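Each of the two complexes below includes chain A, the first together with chain B, the second together with chain C.
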Partner chain A sequence: MARAATTVLPPLRRPARRRDGWNGLLMAPTLLFLLAFFVVPYANMVYMSVLYKPPDGPYLRVFTLDNYAQALGDLFYWRILANTFWYALLTTAVTLVLGYPVAYYIARAPTRRRGWLLMLLISPLLVGVVVRSFGWMIILGRVGLINTFVRWLGGPELPLMYNVFGIIVGLVHVYLPFMALSIAGALQNIPPDLERAARSLGASPWVTFRRITWPLSLPGVFAGTLLVYVLAVSSYVIPILLGGNNVLVMPIIIVQKLLDAFNWPLGSALSMVLFGLTALGVWAYVKLMNRVLRWTAP
Partner chain B sequence: MDGTVALPAAARQTSRPPAGRAWLLPAVVAAVYVFLLAPIAIVVLAAFNSGDYLRFPPEGFSLRWFVKAAQHQPFVRAFEYSLRLAVLATLASTVLGTMAALFVVRYARRARDLLRLLLVAPLQFPAILTGIALLIFFYATGLGTRGMRALLVGHTLVALPYVFLTVSTVLVGFDRSLEEAARSLGAGPLVTFWRITLPLIKGGLISGALFAFITSFDQFPISLLLISVGNTTLPIQLFDYLRFSFDPAAAAVSTVSIVLSVVIVVLIERLVGLESIYWGGPR
Partner chain C sequence: MRTTILAGAGTLALVLAGGPSDAQQKLAFTSFGGSYQEAQRKALLEPVAKELGITWAEDTLTGIAEVRAQVRAGAVSWDIVDLGLADCAAAQSEGLLEPLDYSLISTEGFDKMAFDTHWIGIIYYSTVLGYSTEKYKDKPPRGWKDFWDVKGFPGARALRDYPTPNLEIALLVDGVPKDQVYQLLSTEEGVARAFKKLDAIKPHITVWWKSGAQSAQLAKDGEVDMLSIWNGRLDTVIKDGAKFAYAYDDGILSLDCLAIIKGSKNKDLAMKALARMVAPDLQANMPLYINYGPTTSKAFETGKITPEMARISPSSPENAAKQFVIDARFWAANRQKMQERWDSWKTR
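On to the complex of A and B.
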């Protein structure tokens, strides 16, 4: 009796049910990997930030808020934080100004040329950040290209590297493609007919841009600025290589605390502060941009 | 009727940009591209320069810096180590990322958005903080960072999102009736995957693997925190070298790495087109 049932049913029922049961196995390894090596380590860092740091070891499992008091109570850290956010803002502004024309040009280019332009835009992204910083060292250094040229003209030596200027140049170089790609994506969604219609109705190029193109590209602008800002806040390599030891940003301080001073609790607390303040800024910005988008929406 | 006939002529007149400023946009764009490509081009030029110092214009063509770099043991060891690490990280992230993409695109229902967020998160969290979190974690659990294990985990973590994104992109436009046909003709799930699914998602899979490879090979912040004594990756070795000396051997090493990147860009462009991957971007 039972045998009869099993011999008739399987072809119909089994495949569907079996598939459902085993599908989870596809996700399990990756999920476990991410939980073990991403979620847990970050959670552990939060936990570490409220542990006590004894003078003679990395940490003790004793709850304390001392690390946060230390991180938030020291004017030094606030100054570094202000610098970090200021450089990130500058970087964002410059990448926006330089990236927008590029994005516009790419979005309106014929397909073949667009492929080339995108390739040239993306390839710097795939070159390592150390190599790119090295390139800037050759160009901006004391005996670098620009300075040799200026000296040949009889000018004074220009301080182009190991200062804020050098860092901003390096950061803009690294993040410009992200900005241009975000904006190009939004611009590609605007039908060119809209601009043509505005022009044919007598609007000047400037008015067409201000009233049609710019408002419609705002989602891309917001996405790009957000992305670049968040990436720039946490950049470490460029400030180290192009800032020398003259310019300090929060990631440098955090790594110092962890690797040189072996103060894991304070390093973790400082990471959390950087994280929290960045998130706060992002939250305010998202609120603002939602309002602007609602405003500009027809 | 008269009006509509008259309009196009007027429209054509106004839609042409004033001749005086038509060159402005291309000029600005060209300038930005020069800015983007200059430091990379300069490194390559410096590597083939015969002089002792990086001077411009180059003093003459020579391969001596490549020879010097190839004879500098730390560079050679670091290059081999980076290569081995990148190959392993690519394998691990490609397998994990492809499986996750298959599940998220096809079977995940309520958890889909959450899983997608989690899978892309390693890209959006600052790499330096991820490195710190992993460092503390590896020490706190007693695993330590000796050997390649910690590095491999870190590299796989940041390479995984690329594979997931590229394979997902291909899977979304996937015609499942082909698989159903294979199954109904008696092929088992593994055979179906091997003979039908895999060939169809090959483009996304390979470009994801290429992204993963270059992400690992060029990785800096995570490696800086997780390397162990005696085992250095190429970017870290280059970084150390640049802090103390400035000679064109570093440019030769950089050039090798640039060539690798260019090859990968061309391969991806051939396989799926770069346009399909707005990676790191909001998605």
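On to the complex of A and C.
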């Protein structure tokens, strides 16, 4: 039992209970804030989702499960849901592949340079997502940077925007920092000595990565993938701008039901369905990851 | 973007100023942003501000949805709103607007279809088929039939993500005479026929635009080769150098209205301001900034509108006669139903 290795893992398993009676109070402001601005509106949404929608006006205070029957009984919504989850998974996978090396480089950089790198990594977040989407439109458009260059070379016009590709590019760009930061945090907690020890005991770089670095960074990978996935599932601005209102995801449908069709009950029910399925997926993923972490922990 | 931010800041300032004596001097005006709202600012808002000694807080909207949200939530922060014809009519029947006081507002020179108890037309605009002159050169599309002809006229296309006037256009393309379109749309077969015609073009639409500014951007950046677009927006873009053109022959004539949102905190002052905004002398300012037509024929008599401007105006008698005219009454009765059909069709 290499105890040393287990202690470097950030405590995913609950630490031993301490007497922390008063410490709980530290949470009070956050909890109050969440109660007022998250729990109450959400409860209102749940309530709205079981109300009756009359032909004129948004809702009547008559209880019905029709909205859920409509939301769950229509194959069309399932297709949109499947697309939404699929795009989020793609985004998560691409940010993981792109973000891991970046995170590794940052985590192993000298402290001084690390500060700068972190700033660089976070800098895209200083610009609003709408502005960034318009930036991508300039780059990906038919007469955008890339296509102009390709045309100059005599190539064909590439469909880079107003399709799934454009959406994934936008989502990856926006959520990459979240992935890289999560992983960098975990990687920093791995003493470089462990890798050096593995190398000096004859492990190849690949084996060192596979047996030491990767398992120990899993908590960061876990946090990053979860964060990116949940953010990508619920994103609205990027799909609508870079998808040309042509590629549909659940948030677009929900906004359409709430605002255009003025069907608050159905919009709420669809939100609940999206929330429920996302939560279910997250729950299954957490279960799986916990098991994986238990296996990989020696 | 900058306008929105400034307008947002204005609204915030209005809220923060709070006191009733202060609020009396400020009115919130909401419209569709971009070159249109800029023209309204110069042509209407600034003169009215000077005359009445008020200041404007500006905001933007995309349609009836935001008006509904404010009224239903009991959080009305706007006074005068600009809406499209179908939305005006629907908003009136849904009780989202204050009744207009026609003892203050003159309707001289207005068509009797251009105002109602709760709204009054402020501009005529035409939804036209804009096409790239660079792409189609000497063989331009002639009318909406060619828009549907994807083999004869290849290229990227865009339409507005909205039931009207797409349903009307679809029936016209399908060969329905102009005067029978609404009769047909009032029947289930007619609506089904319109959507069936739209089915044919749907796979070829690259972008479903949501806002006027977006459609202008699509043309300006050359993102599409032909699109449905409001004539004034396209005129502005063409003036900026975009190689696009259009003709009124296949134009769909409609109007935008002004109305006072239900629960406006400055109803009386808003009524006075609105009465001035629709008056001929101020309406005649609009074509100086954007090519939309006045809703009162009296505006053409003020001397501000040159014959040259009248020649290209969507509401000059010659141009108006060529076009298909949107029926507000149909949309007042069917706005909601058609929106639902549209949404479920579009997402399928």
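As a working rule, the second predicted complex is superposed on the first by the 260 of 298 C-alpha atoms of A that agree within 3 Å, B and C clash if a C-alpha of one lies under 4 Å from a C-alpha of the other, contacts with A are read in each partner's own complex, and residues count from 1 in each chain.
The rule is short, and it goes like this: a contact is a pair of C-beta atoms (placed from the backbone, for glycine too) under 8 Å apart; a residue touches a chain by one contact, two chains touch by 3 or more.
Everything quoted here is computed from the prediction, not taken from an experiment.
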Mind checking chain B and chain C on superposed chain A, clash or fit? clash
After lining up the shared chain so the two structures overlap, which partner does A:Tyr162 touch, if you call chain B first and chain C second: first, second, both or neither? second
Which superposed partner A:Thr148 touches (first chain B, second chain C, both, neither): first
Is A:Leu248 touching the first partner chain B, the second partner chain C, both, or neither of them? second
Just checking: does A:Phe76 make contact with chain B only, chain C only, both, or neither of them? Give me first, second, both or neither. second
Where does A:Leu126 make contact in the superposed view: on chain B (first), on chain C (second), on both, or on neither? first
Classify the contacts of A:Pro101 with the two partner chains as first (chain B alone), second (chain C alone), both, or neither. first
In this superposition, which partner touches a larger number of chain A residues, chain B or chain C? B
Return first, second, both or neither, reflecting whether A:Phe209 touches chain B, chain C, both chains, or no partner chain. neither
So, does A:Tyr52 touch the first partner chain B, the second partner chain C, both, or neither? neither
Who does A:Gln256 touch here: chain B (first), chain C (second), both, or neither? second
Pick out the shared contact residues on chain A: the ones touching chain B in one complex and chain C in the other. 58, 137, 141, 143, 259
Given the complex with chain A, which residues does chain C contribute to the contact? 65-66, 68-69, 72, 94, 156, 161, 205-210, 221-223, 336-337, 339-340, 343, 347-348
Contact footprint of chain C on chain A as seen in their complex: 55-58, 76, 80, 137, 141-143, 162, 240, 244-246, 248, 253, 256-257, 259-263
In the complex, chain B touches chain A at residues 7, 10-11, 14-15, 17-18, 25-26, 28-29, 32-33, 35-43, 46, 53-56, 96-97, 99-100, 102-104, 106-108, 115, 118-119, 121-122, 124-130, 132-137, 139-140, 153-154, 156-157, 160, 183, 189, 214, 217-218, 220-221, 224-225, 235, 238-239, 242, 246, 250-251, 254, 257-258, 261-262, 264-265, 269, 273-275, 278, 280-282
Where on chain A does chain B make contact in their complex? 15, 19-20, 23-24, 26-27, 29-31, 33-34, 37-42, 44-45, 48, 58, 98-99, 101-102, 104-105, 114-115, 117-132, 134-139, 141, 143-145, 148, 173, 176-178, 181-182, 185, 196, 199-200, 202, 205, 223, 226-227, 230-231, 233-237, 241, 251, 254-255, 258-259, 264, 267-268, 271, 275
